[in-house]
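Several structures are given next for inspection.
You will see subunit A twice below: alongside subunit B first, and alongside subunit C after that.
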Partner chain A sequence: MATPATITIEDVQSSSPDMTVKIVKFSGQLDESNVDEKANMVYELIEKNPKNLNLIFDFAELEYMNSKSIGYLTDWYGKVYENGGKIVVAQTRPNILDILQVVGLTQLIKTFPTIDEAKFAISHSA
Partner chain B sequence: MSDIATIIKNNKKEPIKITITLPTHAYFMSGIRDFTLALIRNTSDFSEQWAYRFQSVVDELCNNAIEHGSSIGKEIKITFVNNPGESIEMMVEDSGTGESRMKAAEIKKLVDERSGKESEMHDIRGRGLAKIVKEWTDELSFTDTPDGGIIVKVKKYLGDVKSKELTQSLSFAGDQTHIVI
Partner chain C sequence: MNTALLWIISVLLALIPVAIWLYILFGDKKNDKKMLSIIFSGGILAVLTVFAIQYFWIYVPEIDPFLWIGNNITDPTYYYVGIFILVGIMEELVKQMMVRYVDTKTVLIQTVNDSIRFSLVAALGFAFAENIVYFKTVMTVAPIQEIIVTFLFRSVFTACAHMIFSGIFGYFFGIAKFTIDITKNSHWEGKIYLGVHLISKVFQIPYAQAFKEYKILQGLVIAILLHAVFNYMLQMNQILPVIALVVAGYLYLKYLLDRKAGNLILVTDISEQRTSTIGKKDSEVVLELVGMWFDQKKYVDVIHVCERLLERDPDNNVVKLFKAKAMDKLDPENPYRKILSTIFSDERGELERNTIAYYRKKKEIEGKNIPQNSKEKLFRFVEEKKKQENETFKIDL
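Moving on to the complex of A and B:
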């Protein structure tokens, strides 16, 4: 028994052949009942793309995230950043942005109002 | 808003106390979060932003009770007290049957260590009580129960929130976590 949540991954055309860009779209509520299982999808993605992986996390449909999911987000960021990539967040709802801010994550991970702005930031920081 | 909600909202004097007991399982937390959101919206003077914040606070308190305090098959007890025009209190009590249960003093020490402004967190766990709950409440206390469990109690004063909202025209979508009056 788990709260409904989905993660879908979409390829994005990259401006550089050395760079992999993907949109990771989250929907539903990430909580204690489902976050460990859902986190594995992102870990698998990171393992399959060990170098220069750039991820845009689309939070438009993400309704809730708990502190453990924030812990995973921090861990993913560290793993991706160590290998020349980055993670940015886009289309965050106000309550999610509020949580990211209170734990200090917005000082580490950039947030953008739109996917296009996130794509622009990724492509111009290579 | 329903009639009963209107009556409760218009009640400016008497504290409203609601207690919920639920089995030790994270599955039930989605319903508790929905309940918290509706309760704050419909019966208190706290803003929408604070309704979502209390939703997180309750979720984190219960997750802590489920992880550390109550084993599967046992229960956790959640109590909401709305003091109209003054404050919201929330208490979460575990049964003290969890395998990794802690004493009140131990958990308080952990939270104090992790909640320092300079404290950088690299672990996946540990932000719930130390960051979210601590930052979004005015009072946070831990009490041992005679049965070996813990009651975690939090309180948020409305006056504190209102004064901050007046001075910073609270931008819910803004990029400012810490408010300076």
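Moving on to the complex of A and C:
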């Protein structure tokens, strides 16, 4: 049985008409049982918005990420960045932030303590 | 010629290749000469042990396996194969026993390559003692040309062959000694050893213990077979294949000794171990990722992640192994490897090379005088901890 995990996507008003901003809210635990299915949701989102997609990943309720989900995060970052977009992460729990730091992802993906700070960073980087 | 003089000349002749080989193997490195002498003497003792066993069989012929083979195998090919396998078993076991004995007393082997190097020295001691007997015998009966040929051949090829067989066994013994770290590393790499898994299930023993037994057996079988093939080809006067075998073995050993992973110090003094600042579960997630990237040949990424993980967990041998293996896999001409090679040197400081010496030195500096037998207590403590870990650590495949 798959471990409970959800991904919800929320639109954010953008300051620039060329820019799409969305908050992707993760909750639960991303592990082997559910990570592929959940990752597809993010891939679909990226495919539907091929240019200038800016994603704020809200990790406030994400309790656990396995190695595969970190691999997906790297891949999403690559795809979005190639097309002029950006991914930032907000409200990460200390254990997950620890993993992201050791893996080196925080050097690529900026992390913010709050959603507002993440939104501010996205809107001012355009 | 006087018998005593013959023995003296034989010893002197046998010393020449020893000096040359020791210089080739250890000439440019800092080494504990006392320890090398002990292992070398162990190699000599190994020959005496083999002679003693053979002497014992003269008086108890019922248990003499050579006699049994002679009486029961009439086909000359099978006869020689049987005899040479038996010789291989005896000689390889006694040589390795000497290294193992010294290791249990002194924490001699701290890296996989230590196990190879000390096995080479034991083999050199063995070849030295054997050569004395051969040289003396040849000088008694043969003309000068034959003496020269015997001297050159045994000095170069026989000594080298003994070192190759023992060195390969030493490599597998080293892997077996550091079973816990190496099986954990293999687990994260996603490697499955079906033979080990089978041994573990059949004998109802932990996976790590099965891996250890498997590696020792694998090393012994390879060493015995190579030894038997070498002796058989010599018996059949197949000199070119003998030379090819020795050259191939030498290149293989050189490859093993050049690997970064082989030079990693894997003996851990638990009393000196630094605390990890990353959670166990988080560390496992990262290791799983490192294993995935290693499998995908993302070696530079693996090195980067390992470096960051080692900042948080400095004494994690599994991470060190991943880093060293990734560096081994990188193209030698890769500039990143060249830069890292200068930082991640093979050479270790004298203190670092011997954890027990390091421990003593540190305590002495702190003003605590440790009696000599504390070394042994500390060693037992380290081994006990490893044994406990060995018993509890099991990989689900």
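Rule of thumb we're sticking to: the second predicted complex is superposed on the first by the 126 of 126 C-alpha atoms of A that agree within 3 Å, B and C clash if a C-alpha of one lies under 4 Å from a C-alpha of the other, contacts with A are read in each partner's own complex, and residues count from 1 in each chain.
Rule of thumb we're sticking to: a contact is a pair of C-beta atoms (placed from the backbone, for glycine too) under 8 Å apart; a residue touches a chain by one contact, two chains touch by 3 or more.
All of these numbers come straight from a predicted model, not from anything done at the bench.
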| item | value |
| --- | --- |
| Partner chain(s) touched by A:P17 [first = subunit B, second = subunit C, both, neither] | neither |
| Larger contact residue set on subunit A - subunit B or subunit C | B |
| Partner chain in contact with A:N66 - subunit B first, subunit C second, else both or neither | both |
| Subunit B versus subunit C as contact partner of A:V103, first or second or both or neither | both |
| Partner chain in contact with A:S33 - subunit B first, subunit C second, else both or neither | first |
| Touching both subunit C and subunit B, counted on subunit A across the two superposed complexes | 64, 66-68, 70-71, 95, 98-99, 101-104 |
| Contact set on subunit C toward subunit A in their complex | 278-279, 281-282, 285-286, 288-289, 291-292, 301, 304-305, 308-309, 312 |
| Of subunit B, residues touching subunit A in the complex | 25-27, 29-30, 33, 49, 52-53, 55-56, 59-60, 63, 66-67, 121-128, 131-132, 135-136, 172-173, 175-177 |
| For the subunit A and subunit C complex, residues of the former touching the latter | 64-68, 70-71, 95, 98-99, 101-104 |
| Residues of subunit A defined as touching subunit B within the complex | 1-3, 29, 31-33, 64, 66-68, 70-72, 74-75, 78, 94-95, 97-99, 101-104, 106, 111 |
